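These are the structures in question, set out in turn.
Okay, so chain A shows up in both of these, paired with chain B first and chain C after.
Coming up: the complex of A and B.
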């Protein structure tokens, strides 16, 4: 038996993904309606944002376009969790009914096998919307453009994604221990809405929570500072890639620990 | 022949909370540390040879699933040793998974939205099956069952029977040394049951695959197994040839009767008429367990016809449940 490295997993993922897309296309109406729904959700979010800023030209020193930048940044960095880790939402159901046991019988990584099963294509609409917003605000702020800035943006976006993925993994994994874990997952997911505001507008208590306990400030705020305020970047911003990787690794360990202790239901 | 599965003095204990009744009890349970230990599997030992088909039987909650979960590496035994194909399942779960196949009667492991052939291709990659091996097993499948109509049908559109068939084919795809089948014929019609049994039998012959079969259907056991293992309440009750078991209980038939009047009351009268027989009644039938070595069915029926107005009758084999019940009540010599 060959060793199962990254290449092995990448190949299997692509295969499952291609098949999944093929079968999704066969539900055309479903595909179109959910895409339209996603676009509407984003537009509605944007409108409420816009109304807010018609009344307050700036919030705590953050201009309209800077806020827009944060908004776009958070949308883009939330895309991977939406696209690749959507099966976390079904974890509770799978564990509860005992169907989860089938993921324990394959000679591949359980976490990988489980997450590979669902690819949520709706996330791509969000990605397009987020990118549009980001580019528009980038131009309006007049940030200029250098390859280094692009590199920084990409690196910090990956970081932000990892944190969101980590939060969702950890929240979903609670179902291995508690029955009503949906609320934990839902809570974690709702908190992401606060990610699109600069953390300085919150009270010190929440600032602490959002930085160290539920690290949503790393989803958009700290990474964006590197691009938006390059002259005074706090240490926490530079630390965010490390924090992102650490959180992801930790959440993976928690998830796998839960899966390993899973014993299933009677049959 | 060589041993493929070795189980030595294996036990599995679960710690469960002693639950109290009522709302107040539930509140107390929140803070309770009052656990009790339940032995789901109690000191089981067996050795299974490569190529055997073993029927693993027992009533619901006997510990069958727990044993299978330990053999597949999902659960760790509390004590004792398990070796499956030389692997310790719990420690080398991935390596063990490569060499076994698992089918759960009611839970498909295939990709729901995909046609069967696409599931096969993904499995081919996951198990790293070489091309020629993959082709040869497909050829074998084609010779055994009519798989063409199945191959291009999405799993979600299949009937339960087709799905079970597909799951079994998928479990044998990587040529595992052992396949665990958990109630593969549950909920299937007679024709499909027979097809599934023929398939399992043929695959076992062709590939010399060891099969561990859990079932409540005596028909499965009769068609497939020469050896059966029976457990109840976690303890092993029987491990031997099926012929041996039948010599104890094979002469038993259940005579089912329907007659005028309330069945419960009539059953009592029948019992009076037939002392020494086991008589019971459910909503539809009065059942009389007849040992044909001691009494002829026709004589029993004739005797009853004198005193009762029999409207309908059926003759059945002794059921797995009855066998296990009898073994549990009376033991095996």
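Coming up: the complex of A and C.
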């Protein structure tokens, strides 16, 4: 098989995306309700956050606005996994029913083709909400604004996204080996809720676990330290882009390994 | 005997639930992780607060409350909305409607098996673990009886709410959005994520007039209170009973009216 260039894939992605949006638009009511549901989730998350901080002015040396920054950061960095990799949730059914085999026969990358099939617009509501929170807390902390800081923010946000995408891919890929992988995926999905807390609240053992075994701390904590506490950034924060790429690559390999060994259901 | 036909469904549910052992393991790991996060988060919160008692709750109280709220959630979550929604989409609902049993009851009793398994496999172990870890901070007396009575009513209220929301799916044919909205509203306003004692006064007053606090806050506050005075006891249980009856009536009437609306494609 000849290797196809990036331009080719970009073009094909837009074509598939257009088809997906068209089919989504035919279920307009469902689309609107889902979007409202997503916004409700974010508002509820924010309300519980607010109730908590009404009672406690700071947690472990982290002020209200700093925690808000972490919260907004995690929301924004979770957008790509929601928007571009939502088809992972259907992988289980596709593998189970045998529909997955159709992806194996296309002359393009299976992983790419599978993920490109669904674009989840709901994620955009979350993006807006997260950006609002982030900008608000940014101003309140008085971080100032330079092009370098913006660049740092973008780079480290992509890093954080990669980690979450990696966890989601790996969790979804378990369905190639076990039945009922929904629980695994749901577990990985719930990690995002823990990402918004500073890792320093945990004991050393769990700090280690949440950094290296289940890299939750890389979704918001380590990357945002670069912005929030620029004078004492730990090495792990600087390393996080590398770790993000490594985890993503690893999850891609796991996913593809499962897909390559997929033998179909015979139907 | 009338009860026998229901108990047959319970038995079938138990057998079905025991089929999925691996998902059970994953669920336990997920809960354990959640409990760890909750433990450290609230520990840090209380450490930063500087006082032992916040809003009339100590750290141990809060911990017991939140841990058991999670256990209760796992115990009570029946995925009713998903089930109804899926049955509508697939058309299976037609077969269920033909059964010589009210649909509302049929659905409840076919899930009752998972109550039994969940109670013994997750709720009881969690309860024992919490009692041991907190060195017997859970009062063991007559309050256990009140707790059980309260939980039974909580299950009923929760099911009625689920059933009402499920009925809405008849109109919207959207499941995900409706379900996520229900979930965040119930979890937040029932005091499952943050104890209602921490809510600001106005919000708490509003929440007390809503049915949701009957689900988590009522049983848990009865459990934590070793020697409740008769007045508190009667108001809590009385409010629950009223909501029980009201929500049941609403869900029955709403279902009856909505059934005329149903359109099933195939099945």
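In the analysis below, the second predicted complex is superposed on the first by the 264 of 267 C-alpha atoms of A that agree within 3 Å, B and C clash if a C-alpha of one lies under 4 Å from a C-alpha of the other, contacts with A are read in each partner's own complex, and residues count from 1 in each chain.
Methods note: a contact is a pair of C-beta atoms (placed from the backbone, for glycine too) under 8 Å apart; a residue touches a chain by one contact, two chains touch by 3 or more.
Bear in mind that the values here come from a model prediction, so they are computed numbers and not experimental data.
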First (chain B), second (chain C), both or neither touched by A:263: first
Chain A: partner with more touched residues, chain B or chain C: C
Chain B versus chain C as contact partner of A:105, first or second or both or neither: first
Which superposed partner A:150 touches (first chain B, second chain C, both, neither): neither
Touching partner for A:117 - first (chain B), second (chain C), both, neither: first
Touching partner for A:139 - first (chain B), second (chain C), both, neither: neither
Which superposed partner A:20 touches (first chain B, second chain C, both, neither): first
Chain B and chain C footprints on chain A, overlapping residues: none
Chain A-touching residues of chain B, taken from the complex the two chains share: 60-61, 65, 69, 72-75, 93-95, 97-98, 100, 102, 104-107, 109, 111, 113-114, 118, 121-122, 125-128, 154, 182-183
Chain B partner contacts - residues on chain A that touch it in the complex: 1-2, 11-12, 15-16, 19-20, 23-24, 98-99, 101-102, 104-108, 117, 262-264, 266-267
In the complex, chain A residues that touch chain C: 27, 29-30, 33-38, 40-41, 44-45, 47-48, 51-52, 54-61, 178-180, 182-184, 186-187, 190, 194, 197, 201-203, 206, 214
Chain C to chain A touching residues, read off their complex: 20, 22-23, 26-27, 29-30, 33-34, 36-37, 40-41, 43-45, 47-49, 54-55, 172-174, 176-181, 184-185, 187-188, 193-194, 198-200, 203
